[in-house]
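Shared between the two complexes below is chain A, which pairs with chain B and chain C, respectively.
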Partner chain A sequence: MGFGTGIISGLIRVLSIGFRKPITYMYPESPRPVAERFRGMVGMRRDEVTGQLSCVGCGLCETACPNDVIRIDTSETDEGTRWVERYQFDLGRCIFCYLCVEACPVDALQMTRAYHLSTPNRADLILTADDMMRMTENPDQPLFEHLWRD
Partner chain B sequence: MVDGWDVLILVIKALAIFIIVPLAPLVFVLAERKILGRIQSRIGPNRVGPWGLLQTLADGIKLGAKEDFIPPAGDRVVFWLAPLFMVVPAAMAWAVIPIGPEVEIGRKIGLWVTDLNVAILYILALGSVAVYGPVMAGWSSNSKYALFGSLRSTAQVISYEITMGVAVLGVLVYTGSFSLVDIVEKQKDMWFAVPQILGLFVFFVSGIAETNRAPFDLPEAETEIVAGYHVEYSGMRFAMFFLAEYANMFLVSALAVILFFGGWHGWTIPGIEGLTSVLWFMLKTLALMFVYFWLRATLPRLRYDQLMAFCWKFLLPLGIVNLLITAVLRLGWS
Partner chain C sequence: MIGNEPVAAGGEGQMAEATEREMVLNLGPQHPSTHGVLRVLTELSGETITRATPDIGYLHRGVEKLIESKLYYHGMTYTDRTDYTSAPANNVGYILAVEKLLGIEDQIPERAHYLRMIAAELGRISGHLVWIGTHGLDLGAMSMFLYAFREREKVSGLYEEITGARLTTNFFRVGGAGRHDDPPGWLDHVEEFADSFTLDDFNTILTENELWKVRTQGVAVISAEDAISYGLTGPCLRGSGVNWDLRKARPYCRYDQVDFEVPVGEDGDVYSRFIVRLNELYQSTYIIKQCVARARELQGEPANAANANVVPPEIERVSGWEPSGVTGDMEAMINHFKIWIEGYSPPEGACYMAIESPKGELAYYFVSDGTGIPYRCHIRSPSFVNLGALPYLVEGNMLADMVATIGSIDIVLGEVDR
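Presenting the complex of A and B:
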């Protein structure tokens, strides 16, 4: 190789790359499709029969969580039936480890592929069971859709 | 005889320069970002306006709204003057750049502000004045990075001015005139890029070094000395440095087109020769601007000793050899 040929071949290489298609995904308009087994937000299954929350309030997910994300308040009726008063999921603390999903005995907690989860406000990230059920059904929909430009 | 029309035409030409010189960088900055983006498999600016066309304008407005900070320990007056020493020569040099031939619109109008008979010397002299910009900026900032940047810039620009002068001399030996209009007219049949290929190489490399662009961007090396001589500048003053850099690139490209690529000569459409000539000139200049961006995307920054060795041990001998060959050939011709 002669003197200066490296520069020439480098210039040609750079130019050839310049004619390739950019690999950019224009995020909000056309989001990048995710892999089939992508680890997204933890979702919640809606019970097929009642259409209600399928969680039985056993509290195993609360125990399994390494990061204190889940909080369940339950109440018991006089007949001894447990009832979920409040299911709270702090997405800001979640590390997407899915230990809660493994722990759930009734498969109420599920894996989803949802990843449009951003918000400027931390307090927004404390989700309810309704939010989780909605995201399980529509994982491609942004979690805070009202914040998105139309 | 000079009449009112001549004065009016001169004023219009001067105004055109005053509009083009600040506006052209707006386009070039965007073009550079877009081209660099494509080369890096990105898209580049695309949010502000259609295809990001208003991005540079938005950046300019942002800079205009920023605080104008003057270092308390610095030299106020020199700090004020330094950006002007960058911008004014860049705009002044355009006075002698012919962008097209003489056209007939009622009367004969040359598409240049003035056809100076020492135009090349004038431009080289303005280039020397522009060295004071970085020097004053670096010194008055009272910051070590700025001072390093200005020292590097001074050594670099002064060294590469010599090689640039030598490269221009080759063309001058061919034409026997310092006037840029004469130089372009002499290239009607053959561009000087053909016999002066070495001169073109020396000139363009020196031009890149003179304008402190990659791979010779040591004076403003972000990774080494933060931002070099303009590290303490903010707001509109910084914008002036930025503007001057792109205006100087435009100037060097235009000068290379005039000296080596036949200026406005090219295939013309009968009837609108003037317009096609200007288009040819612009097309050639923009092609050279693209080379600037292309080099920036490809080459890493030189080390300081490599920069100096390249200038004095390679470029200068090459330029002198080119000058000698040209002179001998010219002597044999006549």
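Presenting the complex of A and C:
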């Protein structure tokens, strides 16, 4: 075993690895499948009966968020029922920890597998509940589809 | 700033003092071999390092202060971002510290302990794989980087299956394993990975390679006494021949019930730290196999403590949401709201909980004033302390050895600067 045998056997190993089956996914032509629990963009469930927002405006997600992503404005009807006037989700601040999804007491916030979320404009990332419901229903579509080219 | 003597920030004063024979080289903060944004003011005499002064803080995000301004469960999300190469190990350290502060260590179910150990050991594997890849890349073994990250992808896939995230896992919760348990088949996938994981490629390409040995053997030697006095922990300490591993010395989770060895080096050089880490990879797969077997036996048992002050009720009990209104359990709903709004309030006092992270002794120190927000949180990050020995290690060595030395300390700047 003279000097250099280790180098040569290493080189042979490197060359032999070149003949192994590649593990690369050719993104975006064939995207890698994501796990069932994949934490993509936070989505919103649409109420099955009314077709509207299923959020009850309790504000627990606002509290649970460590990064001030969510802002909910609510108002009350004359009968004292609270309803959500505006649900705002700043995706640019979201760290995808999913504490809000865990905190939601009515399962309104949902996990989606959506991860095509890029945009050149930061202001676009401030989402409304409608955007979140749309992404829950079509998680494989890019969030900003008009920017997406094949 | 770490160093023998403080130097002027910016280095201009140093440059003026340099003579014809001596020069000051500014290594980093944007240099691929500094593993992040580490800046080292290197004083050279010819090509020999006379003094090196690491300048840190470029990645400071105030993690400790952020944790001090939020509820205990919020702090979890930031621990992912300290040592991001092995996020679950950080998560485990954080929750163990909070549980110790709350005094509920005894209530944690067995199964949660084993799931935590599997995740922490997977974190060790992924952390060491990042290290071996980048360390090899620094010293010219480019192909090593590709093979290490190929293996790490498998670990990331396992994270993704159980936590949903590939990097910032944020998985376990105080009181157990969180709302989501291990998904069906996950333990099989983990075992499959542990069985198939091999270091053949790494050994053939690096361990027995003469060029690798020339670059690493006898470089940056630190004796056992010096390593202890510099406060080194983890593989850096064990590389010098000190048998100190918190998993054996002060067992946490269920490390006292699994069988494994602590690899210890002899020479205290870059090569022996390299060998220690390689052997740790083997030992981690061995621990994982035992934990998987144990977790299988405990399948079906709860993974969360039966402590309504800390663990929120099952969401099914809370959210029976139907068009007619909330049909869930009212008490469960109140409990759920109380925990998510107020968090949990540990009694007044302080606690220090250290775990053996891939880099060394990772500890969280909490001071509680009895409210839901920690009064003080300090993270004893192993990378920061280990980096303190860099000036000693590189002094008198060649400049090219600096790259090997930084690689062998295995720092993550997210953890150094926090």
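The rule we apply is simple: the second predicted complex is superposed on the first by the 147 of 150 C-alpha atoms of A that agree within 3 Å, B and C clash if a C-alpha of one lies under 4 Å from a C-alpha of the other, contacts with A are read in each partner's own complex, and residues count from 1 in each chain.
Quick note on the criterion: a contact is a pair of C-beta atoms (placed from the backbone, for glycine too) under 8 Å apart; a residue touches a chain by one contact, two chains touch by 3 or more.
If you're wondering where the values come from, they're calculated on a predicted model, not measured in any experiment.
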Original post:
So, does A:P66 touch the first partner chain B, the second partner chain C, both, or neither?
Top reply: second
**OP:** Would you sort A:G10 into first (chain B), second (chain C), both or neither based on which partner it touches?
**Re:** both
Subject >> First, second, both or neither for A:P22, with chain B first and chain C second >> reply: first
**OP:** Would you sort A:F38 into first (chain B), second (chain C), both or neither based on which partner it touches?
**Re:** second
Original post:
Which partner, chain B or chain C, touches the larger number of chain A residues?
Top reply: C
Subject >> chain A residues contacted in one complex by chain B, in the other by chain C >> reply: 7, 10, 14, 17, 23
Original post:
Can you list the chain B residues touching chain A in their complex?
Top reply: 35, 37-43, 46, 294-295, 297-299
Original post:
Contact residues on chain C for chain A in the complex?
Top reply: 70, 73-74, 76-78, 143, 147, 150, 153, 157, 160-165, 168, 170, 178-180, 183, 201, 204-206, 208-213, 312, 315, 318-319, 321, 323, 326, 328, 333, 336-337, 340-341
Original post:
Can you name the residues of chain A that touch chain B in the complex?
Top reply: 7, 10-11, 14-15, 17-20, 22-24, 26
**OP:** Please give the residue numbers of chain A that touch chain C in the complex, ascending.
**Re:** 3-7, 9-10, 13-14, 17, 23, 34-39, 47-50, 54, 58, 60, 63-64, 66-67, 95-99, 102-107, 111
